[in-house]
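A short worksheet on the structure shown next.
Chain lettering (A, B, C, D, E, F, G and H) follows the sequence in which the chains are written, and residue indices restart at 1 in each chain.
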Amino acid sequence: MDKVFTSGNHCIAEAAIRAGCRCYFGYPITPQNELGEYMAANMRKVGGVFLQSESETAAINMVIGAASTGTRVMTSSSSPGVSLKQEGLSFLAGFEFPAVIVNMMRGGPGLGNIAPAQGDYFQSTRGGGHGDYRTPVLAPASVQELADLTVKAFELADTYRTPILLLGDGMMGQMKEPVVFPKPITDLPEKPWALKGRGEGASRYQASLILDGLAMERHNWKLVRKYKEMAEKETLCELYMMDDADFAVVAYGTTARIAKGAIKRARKEGFKVGLVRPVTLFPFPDKILQKVAYQVKNFLVFEMSTGQMLEDVKLALGGNQVEVEFHGRPGGVIPTPIEFSRVIHRYYRRMLK
Amino acid sequence: MDKVFTSGNHCIAEAAIRAGCRCYFGYPITPQNELGEYMAANMRKVGGVFLQSESETAAINMVIGAASTGTRVMTSSSSPGVSLKQEGLSFLAGFEFPAVIVNMMRGGPGLGNIAPAQGDYFQSTRGGGHGDYRTPVLAPASVQELADLTVKAFELADTYRTPILLLGDGMMGQMKEPVVFPKPITDLPEKPWALKGRGEGASRYQASLILDGLAMERHNWKLVRKYKEMAEKETLCELYMMDDADFAVVAYGTTARIAKGAIKRARKEGFKVGLVRPVTLFPFPDKILQKVAYQVKNFLVFEMSTGQMLEDVKLALGGNQVEVEFHGRPGGVIPTPIEFSRVIHRYYRRMLK
Amino acid sequence: MSKKDKVFTVKVRRDFCKGCGLCIEFCKKEVLGVSAKLNRMGYNPAEPVKPEACIGCMMCAQVCPDMAIEVYSG
Amino acid sequence: MSKKDKVFTVKVRRDFCKGCGLCIEFCKKEVLGVSAKLNRMGYNPAEPVKPEACIGCMMCAQVCPDMAIEVYSG
Amino acid sequence: MIVKTLCAGSGGQGVMTLANIMGNAAMFQGFHSTYLPAYGAAMRGGTANCTLTIADEEIASPVASAPDIVVALNQPSAVVFINRLVPGGKLIYDSSVAEEIPERLDIDVFSIPASDIAIELGGVRSANMVMLGAFAKLAGVPSHEAIFTSLEYLMGKKKKLVEISRQAVIRGTEYFS
Amino acid sequence: MIVKTLCAGSGGQGVMTLANIMGNAAMFQGFHSTYLPAYGAAMRGGTANCTLTIADEEIASPVASAPDIVVALNQPSAVVFINRLVPGGKLIYDSSVAEEIPERLDIDVFSIPASDIAIELGGVRSANMVMLGAFAKLAGVPSHEAIFTSLEYLMGKKKKLVEISRQAVIRGTEYFS
Amino acid sequence: MELINNWPKYYKKDVVSHYCPGCGHGIVHRIVAELLEEMDLGKQAYLVCPAGCAVLAYNYFDFDVIESAHGRGTAIATGAKRAKPGLFVISYQGDGDLSAIGTAETIHSANRGENICVVFINNAVYGMTGGQMAPTSLIGQSTTTSPVGRNPEVDGYPLHITDVVANFPGVTYAERVSVSSPAAIKKTKKAIRNAFQTQVEGLGYSIVEVLSPCPTNWKMTPVQSCKWIDEEMVKEYKPGLLTDRREERRKEKS
Amino acid sequence: MELINNWPKYYKKDVVSHYCPGCGHGIVHRIVAELLEEMDLGKQAYLVCPAGCAVLAYNYFDFDVIESAHGRGTAIATGAKRAKPGLFVISYQGDGDLSAIGTAETIHSANRGENICVVFINNAVYGMTGGQMAPTSLIGQSTTTSPVGRNPEVDGYPLHITDVVANFPGVTYAERVSVSSPAAIKKTKKAIRNAFQTQVEGLGYSIVEVLSPCPTNWKMTPVQSCKWIDEEMVKEYKPGLLTDRREERRKEKS
């Protein structure tokens, strides 16, 4: 039996260890404490490093240190803690260091609450830190996907030399589901750029200061090209019941789960509703949405926020003549499938008119 | 003679003091050190508080403390330092405390450099911190406007109970121009919500934790309504040579200055080019752009970034059938009017075909 | 009337008490004990078991983290 | 040959020197002085003014923040 | 088939364990299952609850706004959560500890003196296992085999505990046979 | 009318002061003016430069990619910035300190022994004021009155400094009369 | 019959706190409320409550309260006190808050000698988040993030932050106390009173560290927790006066 | 003729630094490079350079160097050393970096006893940003943000961060030195050697604070600056050994 019934937070931790992650630095914050606790209990067993840092700021900088040596490294936090990591994330992206950062979002702004929410979409996809950089964002919607995307996050991080954000929320972190874990990865890629001491070779340095504006500009465009390449090769998106749909819900993560429940109900009423679920939030699946827009003219974006992914959907569909509506439940309210099926009902009927 | 020839950084500081700002907390960082230094030299003279904090994080939290008592308060920094303020900004917005935050952007990501850049547009307009909040953003393009908008920032902050970002860059901060300062403001608005000790009345508290999801949600929608109201009443935008234009450049701050130079050149060649200069970046002047789009079908967004305001322009013009092009010089390169006039030339010719 | 001669009565505000037992532990006179019945919050609250022994020393009230102890004189 | 009998020569790498004067200050034998001519960076560099007095004590080289001092023996 | 159950009780009663064993058992039997605990500040003050969903198809939402079953290990839980049940839903409660249950006519109410049975078996701590047995019986899933596999998987080395739990589960099941 | 001038020299030579006085003077005379210093790391190592723009219309960009005038207070500045001048532009340099100036045929080069003149007047420190005078003369703006107003406004109480500066400015102006 | 121990004036009427049974926060809350009443400071009081178990303190305190981001209590307190010196400013903080994420704010507010009072609840764990290791956790103490006990080789040593700041010239009053017994509680009240008095007289920074039980996360009964404080915790964190420069300051001022 | 003072092997050939004339950074750079050569540590060296005047240290050091965000040197060093214990990890920091924005990282890396070396350049100002007041600025010292001189009443007191960490059980070696004279420089080299040796033997955390001239921002000549260190700065920051637990640690280890 290789299935285990485990929680999202534990699942990420276990998957990370299997993906060869050997350093974890983090600071407690609900609703992701179990992730660090799992690391505390298990990382040292595989010869890895678990260190509870003095703050999130310190954690992300420890990540920079470990990443600079070529070690697979992870940190995790939740909204306020992730805000404190923004400077570090900007550095990581600028350094082009691979690392995985988990954000189990909670209701905000401020201290907010610890219920599931999706208010950090902008921060995640636009780079809440300073300067011209982005962080690719993966948004799993099941515990199995948490496992798979954790592994994928480490791979993408190494391949593209970039920090990767894994974006969930309290529901994703706390819920348990059956999971099949991938085999532990033993073959890690070479990282010729890593700082491991000059040894017999030439010395190297990783600088963040690039005083020459033209060099900095080149670096910025290089990052843009990298993101473009990822957009072409790495965009992930699930289409659910879209084959015959004439109305599409767009939702990710927890809301996508709820949307599926609602869509099932709506289908029973005979509404041809389907779901477009972006799995990568950056790069955003523009092309897929545009393709969908040949078939579907009515879109309903559903988020546990006041409307953030909404902008990406509008940007993707700006040229197409479609309607984009929005239903949001921000601040830590978990909407129910019933509620959302009613919303679908309303917009669907309106479309029919 | 009431005109003085002064630098942007000094100008903001002097204007703030005249606007009744009585607390300044900040941490040095180029290119805005002169702002804090001016405050150090002058704030205590008017009975105000200048305190160099131990970090940007501490500074923004000192701002929260001072703002909570109803005092007009300011902090200033530059890109990396502003990243460190993101958690605090989220708290300020959530608390609905008035405060003015200055960001004199520099090239990034990471340590980057200290040259002018506009890579923090996303961070500023989308809220680089966590949760569903925004910060209104003012983007002056001359030293006189720095003075005027500094005063305006304090007024907006008090009226709408929100932190306001004043967004410039090294060029705005370092350049000197003639300025006429406004008269010192003596009549400050009452702030019945401020914490001043309960005295004989009932005790009050300012909580950031809102455990009840529904209450948090109400709070989030309240913020959205506030931003909508600001969008209606407070959006600012300059139109320059737009009367007969058939081609519009969209640029803000420093790039708008450069664009004006370029447009003058382009006009000499007979090109009917004008400039749309958003002065408030959030709320963004969608409506004005949409009106312009009746007349103009070709837009060229010009930023010292890899393309951030570009998204807002596209969002504003998504429904209109227009072309939106982009020219970016990120990372601390100061583009020249000549260079940019050539770019205009290219796109203008292409439009004519 | 000197303190010695005073009569003291200790009461537990049942629904404030979380049954931590600190008052019971620190009452030198063993005035307090555990109630067998749960209170509204689901705790077994403290209750005076030897009320007459109370000397009004206030130890219980001092250690009670929940202000569940009321001491009366007279 | 004991150190005493050795002959030492101090040289200043002109274009490395920022003219801070520390070597001049700390040379007990007053070997060094300020050159009247600017170097490439626009500083008046140090230069040996009493080269023969050098005893190879290395004080100048120790304090030079810019590794502009070369001391030779023999 | 999809069954959503809300399990609730006070802190130390083993609600989470109950649901976790059921979730595992359902998985072992090849069902889809999700388990969602209420966490954080909601936990303080001694109450705990979680939602368990078992289905033979992909489970969309792990949340139960209107559960099919409520398993209440104490009185406050029964009182609070009875209102959330779907019409036609089932409430199972431990009648050894809960006394008055509000009336609701559109549901079925099942009582079982779980704590008393547990005490009989050697300790009140396995009341949750008695409830588990009753719950499984009424839900129709998962099977005894799956539950026992799950028990052994989770309690592993604690042979004695497994044995007591097993018996408790059986007693719970039999109560409604 | 719009004149863009790049002023450069080494750290202590008073380049920034020169440009600041000019910027103020232009303002006093009713012109538009902007002053943009090079700052930060670029300053280290002893060189300083800034761009001054004077115009009778709104000044778009304070940057001068191709200045009309370069005022060089030392040799390295002259060497570096001569290349930036527009064709037809003017280079003014202090011939007391700068010796070899690269050749460029499409510009006008003006030399003035500013440091020597300053020393004559009582101290090399006012070489920048001599240069200022020369620069104002060649630029055609601002007026002497405006410059003197500016001097007094900025140096205020330091009467003696104002007087020396005044004379230095006049000497600079006269040099090219 | 007359009630001797009246409900404190500055504690909200008849509310039951969310704290766990036997938690020390409740005791210290009561002391703070009582002192504000006794010293007549409630009207101008301004308390910063932390992210930590005391995050909801405003539900109990009946004077003005603001909530801080985790660790930033003394920065907020600094901002408020500097803006309005007439306020009586207290920063109430847990050990994670004050000595981990808030280290820089703690050190610098103390070193600046801000005229504020810090009430520092040291329960040797992160209570609110479920019992992780804190900088103050004891060697060998097992927590959810030091499951085999705190090992100084990898987890570092217990941090004595109050001892650190007590040495600063800007710190006027610093004492370590506990709430593990009625006698200890009495001392705690006295220490906090001294701290409050320090601010009232404008003498500078004061801090009182309270060793406080967290039965839930220590996995002990409340009574065992008090014993553990008296037997284990005090070995690492010796209660007592750490600094009292009030006289000195008074002289400087006059 | 033979050159006695060879160019250090781990200092890049023939580069001229960006430091101001008479700046102490250059001297300490040379010492670091020399020691890595003498102790044969250059091959595994990993140095974190700060945001501060030393931000460009990688242009001079000829071994592996990474740049830190302002104040985070010891966090990066911790991450690197924990990930790859074979590296020889140095965090090179200024006083603003280490004792203001980086306070928490400084305190906690020291308290954890990370097996790293910290080279701490105390020039009593923020050099790179143009001479603002630092936590280490002396009382009365005028800087661009304390124009009338540092006033402890409003600006706080000079912070003795090295003394603070020297008390931590996790800190094995701590010394304060200066580079104000050839003799002082010799001591500095010895202190840094001891610090390096501490890490080599795996004995834990070491820190060397170097009182270092910043003539530019002090507005003095380099020679005056050295005098100012010897006459003023040492009054506040007394040079000398603050902690040496190497023997103790060696015993523990064996």
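One rule holds in what follows: contacts are C-beta pairs under 8 Å (C-beta built on N, C-alpha and C of every residue); 3 or more make two chains touch, one makes a residue touch a chain.
As the structure is a prediction and not an experimental result, all values here were calculated from the model.
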item: Separation of chain E from chain A in steps, with touching chains one step apart; value: 1
item: Shortest path length from chain E to chain F (each step joins two touching chains); value: 3
item: Furthest chain, CA centroid comparison against chain B; value: C
item: Cα-centroid distance, chain A relative to chain D, in whole angstrom; value: 61
item: Computed distance of Cα centres, chain C from chain A, in Å; value: 54
item: Whole-Å separation of chain centres (CA-atom averages), chain A against chain G; value: 38
item: Distance from the mean Cα position of chain E to that of chain C, given in whole angstrom; value: 38
item: Where chain E touches two or more other chains, by residue; value: 41, 45
item: Residue numbers of chain B (touch at least two other chains); value: 30, 51, 54-55, 57, 80, 87, 91, 110-111, 113-114, 207-209, 211, 334
item: Shared-contact residues (touching 2 or more other chains) in chain C; value: 41, 43
item: Residues on chain A engaged by chain G in the complex (per definition of touch); value: 27-30, 33, 36-37, 40-41, 44, 50-52, 54-56, 80, 110-111
item: Partner chain H, residues of chain G touching it in the complex; value: 100-104, 107-108, 111-113, 135, 152-153, 155-157, 159, 163-164, 167-170
item: Contact set on chain F toward chain D in their complex; value: 10, 45-47, 74, 76
item: Chain D - residues contacting chain F, complex; value: 41-43
item: Chain G - residues contacting chain C, complex; value: 1-5, 7, 11, 16-17, 19-27, 30, 179, 181-182, 185-186, 215, 221-223, 226
